[in-house]
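Multiple structures are listed underneath, in structure tokens.
First chain A sits with chain B, and in the next complex the same chain sits with chain C.
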Partner chain A sequence: MRTLHHVVITPHRVVVDEEQMTVTSSGKMMLKEIYQSNIGNYPKFYKMDMLCKLGFVASELLLQKEGNRNIGAKGVVDEENQRDDRAVILLNSSSSICDDRAYQATIDNLDDYFPSPMVFVYTLANIVTGEIALRNRYYGETNFYVLPQKDEKVMTQIVEDSFQDEHTTSAICGWLNCDDEDHFEADLYLVEK
Partner chain B sequence: MIKVIADNITSPLGMTSSENYLKVKDGLSCLQSYEGVMDIPTPFTASLFTEEQWDALMQYGDYTRFESCLIHSIREALEGSDVDVSSPRVIFIISTTKGNVELLDSRSHRLKNRTTDEAVRLGNAALMIARYFGNPNIPVTVSNACISGLAAQLTAKRMLESGRYDYAIVAGADIQSRFIISGFQSFKALSPKVCRPFDIERCGLNLGEAAACMVFGRMTEQDTDDWVAVRGAVRNDANHISSPSRTAEGAYRAIAYAMADGDAEQLAVVNAHGTSTLYNDEMESVAIARSGLEHTPVNSLKGYYGHTMGAAGLLETILTMKSIDDHIILGTRGFQELGVSRSIRVIGEHIPTDKRGFLKLLSGFGGSNAAMLYQKGGRR
Partner chain C sequence: MELQEELKSKIIEALNLEDIQPEDIDDDAPLFGDDGFGLDSIDALELIVLLEKNYGIKISDPKTGKEIFKSINVMAEYVAANRKK
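Let's turn to the complex of A and B:
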């Protein structure tokens, strides 16, 4: 397994291929800042929960390093550039806890009971893998794993094992954890077999 | 390839795989209408454990409902095997979508030895379970929405085939709560009545509670009468995060991978996800037809159990194995008249079979789809 690119995002710091990016804000606002300054033209970003925003921004920074994006008019990769040889394999320890709490707040009080499908859908940790697949038209494997805590050895084993799928030749993979708007970590890699 | 060594289904219908199979064979279900429970304003139909069943399941110490039913299911499965789960050569893989999420509710009870914040973390719950059994490894939780149960088996297959471990304990569960039920209601995905997979009158899914466990080991040359997980894959629709692809892109690709060396003639049945929502069943009919499996019998077990989420991929796989062992293809409870666009062969009543293979399908939110081919005695 060979690492092609590496992105680290924490609430105060963004590092792309070991080079620190200049940002002026922090936490949730910082993700919006990166989206606006380096990505843009994908309004769906604003609807995403924190975990998806984090995963989306981190994956975009990885893929910008790779180049050749072929983003079409609808903000997603053109059909002719679809692929199923790239997997999206993410892990964390907090699953979708940030959005779980947001959803619980909409139903906790019976006098103020407004369950929302837009909030509920993000109470699944793997939605972020789907968001990345959708943006890049990846028809390959998407999978989400949860560990008690960050563990490099277990992560590496799971990603290495994912290459047993005969179609998979590369993967966006790594740690994507979000406790709340000011506590998160993306440690994502673009790797090839 | 990996083989099934032991299994268990713990559900409102029964506490062992055989008990569950016999009840299903008799056409029974615990799906019923609930009104005014869990402080949920709208009535719903579901298959839930009774208070008496919970009393029987909550006997292992300071564990949650989710953890208790998994511990029970794993214990029951292990009774049928001689696997030493305290060995570092054994890995625990837990399949769940929401684990202990019910504890987030301000009305829920507090645990004695853990904070709610710890317990709602899926990895923490998985660790409690692995440690209960004295397993020293870090357990892996697969949380890939409704396909978790198959994705977990695929993970087990890889971990055993890479030689990292000798045995995998794969166990899945989800507990129904205000959180999950209100969410599905907000999506307008729930049927007020008992669900009717693939039927023209279908109007949504039912939720269900269950835990299920499969113990896997590597297959050896001598194994001619074991159930083997031959080949499987997870594929994404790359289309929408909460509705399936019209062309069934992900499911079609997952099936194509699972069936790459397979022969449709050897399939007793395609055990579909068949949730009974308009979109899921329609999408699966497209995937099945597009894969050239229009003439293969198709069934769904959701009419017996509802959608058991993290347990579904395990529970439905175990039942399909038991039924083929019994030379039967289980009928799709609730199905009468085909209500999908492709003329696939959905089985209403049980029918006999002498075939020894089947294909299991699951699809879920996040555009995820999974397929796995199983064969009794492996590939021949």
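Let's turn to the complex of A and C:
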């Protein structure tokens, strides 16, 4: 397995291929800043929960480094560039807790009981793998694992296992954890077989 | 505030349409579909919640929702006629 590109995002720091990006904000606002200055043209970003925003921004920075990607008018990769040989395999320890809390807040008070459909749809950690796959028209494997804690050995094993099929040749993979708007970590890799 | 303007602000806030300003939404333009603002079925559900939360209007038949959310003007007309708060 060979690493092509690597992105690390924490609330105050963004590093792409060992080079630190200049950002002026932190936490949730920092993700918005990166979206607006480096990505754009994908209004769905604003609807995503924190875990998806983090995964989306990190994957975009990885794929910008890879280059050769044509984004169509609707903010999705052109149909002719769809692929089924790239997997999206992410792991964390807090599952979708950030959005789970937000959803709970919409149903906590019986006198103000309005469950939000938009918040509810993100109360599953693996939604972020789907968001990345949809944006890039990836039709390969997508998986999200919840571990007791970050474990590089287990993570590597899981990704290597995914390369055992005849189909998968590369993967966006790594650690994607979000406790709240000011406590998160993305440690993502673009790897190939 | 005119009901149309109030609805636009509430929709932008509820659906997190951060790229859109109230003045970008034409009162007669479709909210859904290719000519609209890229809203999907989850947004439609959120709009149903918005009507209940802000105006006490309960919509149980999705077909009714489809009619009401045609445009801001149609929505405002329905709200004005059926609001309970």
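As a convention for this text, the second predicted complex is superposed on the first by the 193 of 193 C-alpha atoms of A that agree within 3 Å, B and C clash if a C-alpha of one lies under 4 Å from a C-alpha of the other, contacts with A are read in each partner's own complex, and residues count from 1 in each chain.
Here is the rule we use: a contact is a pair of C-beta atoms (placed from the backbone, for glycine too) under 8 Å apart; a residue touches a chain by one contact, two chains touch by 3 or more.
This one's a predicted model, so the numbers in the text were calculated from it and none came from an experiment.
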First (chain B), second (chain C), both or neither touched by A:P43: second
First (chain B), second (chain C), both or neither touched by A:D180: neither
Which of chain B and chain C A:V121 touches, first, second, both or neither: both
Partner, of chain C and chain B, that touches more residues belonging to chain A: B
Partner chain in contact with A:D85 - chain B first, chain C second, else both or neither: neither
Contacts of A:L110 with chain B and chain C, given as first, second, both or neither: first
Which of chain B and chain C A:S93 touches, first, second, both or neither: first
Partner chain in contact with A:E33 - chain B first, chain C second, else both or neither: neither
Overlap of the chain B and chain C footprints on chain A, listed as residue numbers: 115-117, 121
Residues of chain A defined as touching chain C within the complex: 43-44, 46-47, 74, 114-118, 121
List of chain A residues in touch with chain B within their complex: 82, 84, 88, 93-95, 97, 100-101, 103-104, 107-108, 110, 113, 115-117, 120-121, 123-131, 133-134, 136-149, 151, 154, 157-158, 160-162, 164-167
Sites on chain C touched by chain A in the complex: 14-20, 38, 42-43, 45-46, 49, 52-53
List of chain B residues in touch with chain A within their complex: 39, 41, 97-99, 101, 104-106, 120-124, 126-127, 138-145, 151, 155, 158-159, 161-162, 164, 178-179, 182-187, 233-242, 249-250, 253, 257, 364-368
